[in-house]
Amino acid sequence: MIMPPIPTPFDAQGRLDAEAFRDLAQALEPHVDGILFYGSNGEGVHLTPAERIRGLEVQKPQKPPMVGLMEETIPQALEALQQAQIVGAKRVLATPPRYYAASTGNEGLLCYFTALADAGGPEVWLYHVPQNTKADLPLPVVAEAARHPGITGLKDSSGEMARLAFYQANRLELSVYTGHAPTFAAALALGAKGGILAAANLAPKAYKALLTAWRAGNVAEAQRLQARLEPFGRVLGQGGFVLLKQAMRYIGLPAGYPRPPYPQESPYWAAFKPLLEDLRAEGWLVG
Amino acid sequence: MIMPPIPTPFDAQGRLDAEAFRDLAQALEPHVDGILFYGSNGEGVHLTPAERIRGLEVQKPQKPPMVGLMEETIPQALEALQQAQIVGAKRVLATPPRYYAASTGNEGLLCYFTALADAGGPEVWLYHVPQNTKADLPLPVVAEAARHPGITGLKDSSGEMARLAFYQANRLELSVYTGHAPTFAAALALGAKGGILAAANLAPKAYKALLTAWRAGNVAEAQRLQARLEPFGRVLGQGGFVLLKQAMRYIGLPAGYPRPPYPQESPYWAAFKPLLEDLRAEGWLVG
Amino acid sequence: MIMPPIPTPFDAQGRLDAEAFRDLAQALEPHVDGILFYGSNGEGVHLTPAERIRGLEVQKPQKPPMVGLMEETIPQALEALQQAQIVGAKRVLATPPRYYAASTGNEGLLCYFTALADAGGPEVWLYHVPQNTKADLPLPVVAEAARHPGITGLKDSSGEMARLAFYQANRLELSVYTGHAPTFAAALALGAKGGILAAANLAPKAYKALLTAWRAGNVAEAQRLQARLEPFGRVLGQGGFVLLKQAMRYIGLPAGYPRPPYPQESPYWAAFKPLLEDLRAEGWLVG
Amino acid sequence: MIMPPIPTPFDAQGRLDAEAFRDLAQALEPHVDGILFYGSNGEGVHLTPAERIRGLEVQKPQKPPMVGLMEETIPQALEALQQAQIVGAKRVLATPPRYYAASTGNEGLLCYFTALADAGGPEVWLYHVPQNTKADLPLPVVAEAARHPGITGLKDSSGEMARLAFYQANRLELSVYTGHAPTFAAALALGAKGGILAAANLAPKAYKALLTAWRAGNVAEAQRLQARLEPFGRVLGQGGFVLLKQAMRYIGLPAGYPRPPYPQESPYWAAFKPLLEDLRAEGWLVG
């Protein structure tokens, strides 16, 4: 499974552009296995609750979508869980609370994820993305949470393969996905089922091809694609959502602009543009 | 000036207790130079926008209050700026955006603070509290921001005295306050005007006495109090808002509980309780 | 290729036990593709230059050995390079200077490795082991150093698979080996040729079996062994050379004791012993 | 007390220049309260044991010198302790072991410092300089070590004032000195007795004046000098020993060059030179 954490378009004045949001989702959906709204590249934390609702209300997904949930407490998270159902999400992708990460404790983390899973709504997937949250998701918490029937998956964007090795070795009852494109083949070797990748907003076919080759036992081809895509995934990771939006606009997708004060142009664009052009020339890009 | 970042009371079920909030503010205000609402110990990020408004609407401050503003983008921050005026705040204390801190850039940070200062509302104070935000506030940004007439102060909770030495040496047009109790006397030596301290929710008199001694040129007495208060401030810093609320409840203040999943009892309580008792025996505590 | 970074035995009083050192090397050598002396688990930095010479003089390697070189300046490193030839090393494994790492600069690093490679002695392999050196080995330095004909290999113990992905994607003229057992299969997926692993002091056969399966295209078997060995490699990495020596003594190898003040018993032993026993029961251990 | 950690001169080819070393020490000694040899700016780790001995043999100190001791194990440290007596050191300044810092443990650290203090030679001062050692020196270890009659002082170069606040509050039986020039006045406010400062190789008089003002109760003058010297100390700290040597050569002191591969010219020189010139114009520099 390859999914993109889709960006949320804002216009040049920083206003949510809900129609562009829907159009963007519709443009990407045929190329992927579903859309992740408000993931780490989705600027969900840049929206008021009312805007977040509006952004979901306009969507018309054909494939099961997922919704990111980056809240700080259980009451806020239960509200966000409700919102996720607007778009028919069968799964939410939930980061740990982060502002007071030093005070959460393993018990608090378990309590948090359990409360979401017990709510009877979407299945809960754990989301470890320390680049953004700067919060830990300790391995014992993952192992314990995996025993809950409502907690069924995990996206790990850390790129720390020792974590994936742990998940694999402990045969956790979780579908593990990587969010770290530059090490995609390594994640597959350690048992990941696929990727939820910012890069899949631009070149989903390429990552699907890598995944397909791997699954077919064609390790050499998977490695060839891995090496081919490494610079693309690496620089995109450095540039983050600002670079992603700029690249998507460049290839004609209605990704809009970052919300201010985030800049419209990325310092990584000069390094990224030729990589993007090369992938386009090889037919890997959307559109 | 000594100010406390007041906690926001929740009941045992995690609901905002607005009345307790007002009572708590009124209990503390006579002992301090004003209240900081929604500061780093104030769980502002644990509230929905609607709750944040309600929490301010009930207040009846007698001294100029300050409001913390921990937003991610300019549109969200301008909304929070409006809310701050409910309580008549003449100043807001604004942290840098944090979720995408890697993409903000110095220019983005300046753009953010400038947009707030240009809004014509409260004065803007910069707030550096990396323990919570995990975001940097680079010294060149501080130096540049200080030139804006609407940016008039700074609270630095990092405990990194090299930063205070920089502010002092560059004679920035900012009123500098420390938020790091265990190094209070050091901050004064480096030009801080006072403290906005979690510890001032419990023992404001003690920190006032230290500040008064320092200002009177009584360095030895300031040092004596500094050494006396160091364990108290240090352990409180380790325990954070969970420990602060527990201690306030213990001495009879209506501080309420942390919002779930944060625990009601702190692992630091056993270490902190005797320090608290000792200060009470010496007459330093509120109430 | 599987190599162990062999420990250097000290007696219970902390004196170098050169004979035990030779015996240990001879006990391990038949099971591996050569011995690494004074690697990161080899306490080379715990020896005086005279002791380091003595430790090498007693050896009688049958397979091409490697020598670790953890110096701070070029003059010191050239002396260590001479010493390496006592044992007939065709390769040295050189860490970057570390005490003044903030002042080395990329140019200084290149200058360092180039000076070693230009000396006309053993080939130089770069050694990135930030757990110990706390020094960076920036990727552009690796890419540039790889162009030198005398710099022919690299051991990366960081476990940061993004680094291995970079080496692979850039087709560097370096034989890349991982030093991080818990992610071994991931390293192979990213082009590593084998492992130089502390764990290969205990269970070389197991890691050879994993490598052999991978090379034979038997990914499922490689993954099975990867998952099987993960806890073993992970806990051994946590316990470091103290735990390694204790485990080796336990299974009857003359590994001796750590040099004081390092303890003779590891806090990780209780967690590690059952893992070791299990591997022994399955016939994976040396001896 | 103001002491400089004196650089060790190498010639342009990287050979120890023992005569320049003695001349340099003699040039500085009249302006300070004693010389620290092989401190963190002294490149002791860049010397072979034989060179270290030679460097001390040529010295003719008139004031009690101190010798830095940056070893990894007790046997190596006892040897270094012997060497320190060549120059008549009454005190050594000992960093914790660092290469295997993860395995030392608090007990190992205590064992290390105690072994040195029990040797019956110079008094032992603890030396915390994490910028170089990247090793922690936990506060409980300091508190426990301070109880040993042979452990009598501490130099803390971390700039973490919370540590100094702890030392002060616990009334440890240690003479505490700061090694962090940019926060000198803060350290004094927290009980430091003086400074062992790289900057005292260039401008000892300025730091002596600051210390004298502070001790005389002239806080305003101490603060004025603190602010005056902050950029000087800050940039020198960034540039480290490479910049220090370049600056000393520039003002005519025989400080020599860094040992290769460290560069002869610092990237910070352009920023530092005008600060140096300004201090010279005001008469603060040596020579």
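We just call them A, B, C and D in the order they show up, numbering each chain from 1.
Please note the rule applied: a residue touches a chain if its C-beta (ideal position, glycine included) is under 8 Å from a C-beta of that chain, and two chains touch if they have at least 3 such contacts.
In UniProt terms the chains read A, B, C, D = Dihydrodipicolinate synthetase.
Quantities reported herein were computed from a predicted structural model and do not represent experimental measurements.
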Distance-maximising chain from subunit A - centres being C-alpha averages: D
How many angstrom lie between the CA centroids of subunit B and subunit C, rounded to a whole number? 49
Would you mind pulling out the distance in Å between where the CA atoms of subunit A average out and where those of subunit C do? 36
Intercentroid distance (Cα basis), subunit B paired with subunit A, Å: 34
Where does subunit A touch two or more other chains at once, residue-wise? none
Which of line, ring, star, complete or other matches the graph of chains that touch? ring
Mind listing each pair of touching chains for me? A-B, A-C, B-D, C-D
Using the touch definition from the top, list the residues of subunit A that touch subunit C in their complex. 159-162, 164-166, 168-169, 171, 180, 182-183, 185-191, 217, 219, 222-223, 226-228, 230-231, 234
Considering only the defined contacts, which subunit A positions touch subunit B in the complex? 14-15, 43, 45-46, 48-49, 70, 72-76, 79, 97, 99-100, 102-105, 107-109, 111-112, 115, 131-134, 239-242, 258-263, 266-267
